[in-house]
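Two complexes follow with chain A in common, the first pairing it with chain B and the second with chain C.
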Partner chain A sequence: MVVFVCLCVLALLFLAPTLGVILSSLKSTREIAFGALWTLPGGLYLENFREVLAHPSVKTYFANTFLVTVPATAGSIGLGILAGYVFSKLPFRGSELLFLVIVSGMFFPPQIVLIPLFRMFSGLGLLDTLWPMIIVHVAMGIPICTLLMRNFFATVPNALREAAIVEGANEWQVLTRVALPISLPALAVLATLQFTWIWNDFLWPLIFTQSDEKRTIMLGIVSLKGQYSVAWGIQGALSLVASLPTLIVFLFFQRYFIKGMTMGAIKG
Partner chain B sequence: MNRHAVFWRAALLALPLAVFGVFVVWPLLDSFYYSFTDWNGFDPRYRFVGLENFARIVTDRLFTNATVNTVIWMVLALLLPTLGGLALALLLDSRAVRGANVFKSIFYLPICLSAVVVGQIWIWIYQPDWGLLNTFIEAVTGRPETFAWLAKPQSALYSVIVAWSWQQMGLSMVIFLAGLTAVPADLTEAAAIEGANRWQKTWYVVLPMLRPATVVVVALSVINSLKGFDILYIMTAGGPFHSSDTLAMFMYNESFKKYRMGYGSAISVILFLLTLAIIFFYFRQLRKLDEIHG
Partner chain C sequence: MAAIELRNLSKHFGDVPAVRGIDLAIEDGEFIVLVGPSGCGKTTTLRMIAGLESVSSGSISFDEEEVNRLPPRGRDIAMVFQSYALYPHMTVFANMAFGLRLSGVERAQIRERVRAAAELLNISELLRRRPRELSGGQRQRVAMGRAIVRQPRAFLFDEPLSNLDANLRAQMRVEIKRLHSQLRTTVVYVTHDQVEAMTLADRIVVMRDGVIVQSGPPEEVYRRPVDRFVAGFIGAPKMNFLPARLVAENGALSLQVGEDGQAEIRLPSSDALAGKIGEEVEIGLRPEHLAMQTSGEGIEPGRSFPFPVEVVEPLGAETLVFTTISGAEVVARCDPGLHPRPGDRFTAVVDTAQLHLIDPENGRVLAR
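Here is the complex of A and B:
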């Protein structure tokens, strides 16, 4: 019982910040100006959300973020599948070391490759397009995707692969018809993790984009903040709308999300 | 069979290795290269300056400042989410807790929010006039409170670290919970039969079994603290007066605000070596644990 009460208090403390944003997004600027940011709203006021959703820039940010997140998620998982399969089913001399080198990639702060990537994409004339973000997210996702796929493929019995090979299948067929169909849980884990991280990213769009038309949502809401400097309710609505896709993913795939985080952390 | 395997290894690894090599490994080496130049970010020409950038770093007070802040961040980001996560995990592990899964989700939710949104939320909490923190302090003390947490050099860094810890705690909790499932129930039962109370059971039986999980949490905290950038950028951008600059922030400002890309590269080389040392230490600890636990 004591434990339960403790947990309730802690949960309330933990939720308070998020609740504050939700509450403020449901109030008019007038209501907030009278000093009522953290209280319950007087009535259901949805004008903030209407304003945010009707804003042309917000639509652009959303479109851009989807155009970056979906291909980058798919691409990084695809490459992780290829590498993970080799490291798990076709190991060779030195493959363990190569695997370690790739996996350690996920521990480094992105700052260490910021300048060369900026220079590279500027040389290619790709600055202020969505391409650098897609490419960089695919590349940066390889470590975690390779790690999780290798660990998952390790649980696929070798006998299955050998049986298929004896019957004349090649490695590609083993991978796509035997290993992948039973790896759907691992794919779900990776898809939730990658989607969330890429969606929430702020650093790469900050480096690679200049014009408003190319911004993704997280950079976008920061730049819109200036426009609504005292309209706290609209700022709250912006934050919520921007977080909605990841919140939905979290609510539905929470199990996979948590599994991915612990798998990535413990086996790392 | 053997030649067949060689072919498939090459065929399957070609694309992932190419992408990883071109967009991760190569830029990393390139950082070393630019750290010996005075490139300014847009001019195609640049000079080689040898070790000048590194010589300047050693005497740069802003670098020392950012390093000290990074260490402060590292230590606090190690203590707060780790101890908090451990406490939450131990509370949740008492098998009889009602709604344990709901609690888990609540504590874990901040992880899926972006640093931008978390930063935004905490800017409101720290807002001097109507922020939640000052409102709370006013309610408790009965005196008006208008301290500007994020605008004062003595509190800015710590305020951001608290926000960061709020987000990271759920991650430590989940890893500790995974570690707790590895504690055999008969061990704690045996301790209970021997007359151990709740605290003794936790201290003498459960905590020693959590050592592997602790190594993971500690390593992750240290590594993640070197990545602390987004939330800082949103909340203070390193200010006021560089009081919340970390190495990652400092590197960004030197390179992309002051256009000293050569100098920025030198900072990133140091950041790289620092991370490498930590990772090396982490893998060695993991190996030791593997040897102990088989």
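Here is the complex of A and C:
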């Protein structure tokens, strides 16, 4: 019973901000200004959503975010697959150490490389483009992708690889035709995690972009706050619209997700 | 089909030798079984033939062409794994067609070859299923089908029946033998099960500690083992080993069995044993070469010893009876009609023509 109550309280704590955003997105600025943030809206007020969807910059924000998220997700997972396969199935002298070095990248906070990266991309003339965000997210995604894929490939029996090799497959064919198709749960977990993480990123776009044309959706939410007052309703509406793609990705992969999160926990 | 020759073949894992300079010539179409206890080097040898393990020294030849540096796909062999190694995401058809597709075989031909192999193995109705929907025996058939469709030069089997229950194993043994008689392709088969070795092989190769101890037709290995290890490994129940002393009286050789010479077994004269008179030897005697009798009457002297029954194992067609002589457990096959019970005092009549004398120092068989 105590556990149940604790879980309910925790769920409420997690859901409260989302509820607040939903409620404020359905109210006018005037209604919110009167201090009615947590009350139910007087009517079905959809003007905030209309304004957000009609706003010319929002389309740009979405496009930019997709242009960063999709290649960065694909890139980090692709490299994680290759590295994970090698570390798992084709070990070489020093590979254990190299694996530890790569995985240790997860434990460095991104803030410590902010200034060096800013200077580097500035030197390369890439500031205020989408490239720094793509490159940084690919690089920062490699440790977790490598770790997860290596651990998953380790559960793929060696006999499968050997059977394919005896049948005439090369390593690339073993990876693409045998190992990857049976690694869909791991790929689903990675795709969901990476997509959500990159889509929701605020820090790197803040550092590497300056113009409104290069902003991603999370920066866009802030930029819609208004010049003289905070546009709670519009920001709430955009927040909800902005979270739709990650929700769709999660729903698409969720049948694999739980299986993937618990994979390797038990034998067989 | 291919003749396979191993010359002075060795494999080391670091400082640990797994296979130590073995020589073996496998004839085209021959069914060879590598048998031995865990760690004897049989699987390593098979994996070197497949190209899955590199060769430390020596050579492997297929039809007199050295293949040491040839990758597995260049050797044109097919392998059936202990765990079946079926691709779980593919249907049975796709599993069987995988190698052919990689080789670029035309679709129509793939369909025809898979269909023919499926018919041969009686798995035609399973082609659309996935491995998880199959029983152990069906998976085993699919694994064999995957090997057959490729029409390789040689089949390599790595303990393929060890995951099956006893009934299915017996059934699959017959099927493998039937397949070999139909296809006549060279087979190298690894097992630690001596029954599989005896029933399947044209020739058994017994390995221990990375070397070949004996190689020959099953009957020969069973009847004429070269040493105590082979004698004890091949045969179920295993051969009995009894301590004895070789003595000579008036030119006649005999064995005094047991520490106090509780029984005497007479032997024909033998030059091979001349140097061992007065010394300790070990008697090797298969359970079927001890005939149980309820009384000692009418038995020629020097051919029997008392057999107080301690344990009885009825197997249906026969019954195994156990006793202990000088600390050594002795088992004999017994006619169930005798209705043996623990406590019975039988007389064991020795078939002296089938008796093996073993040198206890080096385990070599001195005479038979």
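To be clear about the criterion, the second predicted complex is superposed on the first by the 230 of 268 C-alpha atoms of A that agree within 3 Å, B and C clash if a C-alpha of one lies under 4 Å from a C-alpha of the other, contacts with A are read in each partner's own complex, and residues count from 1 in each chain.
Heads up, the rule we're going with is that a residue touches a chain if its C-beta (ideal position, glycine included) is under 8 Å from a C-beta of that chain, and two chains touch if they have at least 3 such contacts.
All values reported here derive from a predicted model rather than from experimental measurement.
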Should the superposition on chain A be reported as showing a clash between chain B and chain C, or a fit? fit
Give me the angle at the C-alpha centre of chain A between the C-alpha centres of chain B and chain C, rounded to the nearest 10 degrees. 90
In the overlaid three-chain picture, which partner chain does A:169 touch, first (chain B) or second (chain C), both, or neither? second
In the superposed arrangement, which partner chain does A:102 touch: chain B (first), chain C (second), both, or neither? first
Tell me the contact category for A:241 with respect to chain B and chain C: first, second, both or neither. neither
Give one of first, second, both or neither to describe whether A:191 is in contact with chain B, with chain C, with both, or with none. neither
After lining up the shared chain so the two structures overlap, which partner does A:80 touch, if you call chain B first and chain C second: first, second, both or neither? first
Comparison of chain B and chain C by chain A residues contacted: B
Going by the contact rule set out at the top, does A:181 touch chain B (first), chain C (second), both, or neither? second
Between chain B and chain C, whom does A:92 touch in the aligned arrangement: first, second, both, or neither? first
Thinking of the overlay built on chain A, is A:149 touched by chain B (first), by chain C (second), by both, or by neither? neither
Chain B and chain C, minimum CA distance [Å, superposed model]: 6
Of the residues on chain A, which ones does chain B touch that chain C also touches? 170
How about chain A: which of its residues touch chain C in the complex? 157, 159-160, 162-170, 173, 177-178, 181-182
Applying the document's contact rule, which stretches of chain A touch chain B when the two form their complex? 3-4, 6-7, 10-11, 14-18, 20-21, 24, 35, 37-38, 79-80, 82-83, 85-86, 90, 92, 100, 102, 104-105, 107-120, 135-136, 138-140, 142, 146, 170-172, 175, 196, 199-203, 206-207, 218-219, 221-222, 225, 232, 235, 239, 242-243, 246-247, 249-250, 254, 257-258, 261-262, 265-266, 268
So in the complex, the part of chain B that touches chain A is made up of which residues? 4-5, 8-9, 12-13, 15-17, 19-20, 22-24, 26-28, 30-31, 34, 41, 88, 91-92, 94, 97-98, 103-117, 120-122, 124-125, 130, 132, 135, 166, 171, 174-175, 178, 212-213, 216-217, 220, 223, 226-227, 229-230, 233-234, 247-248, 251-252, 255-256, 261, 264-265, 267-269, 271-272, 275, 278-279, 283
Counting only contacts in the complex, chain C reaches chain A at residues 50-52, 71-73, 77-79, 81-83, 85, 87-89, 98-99, 102-103, 146, 150
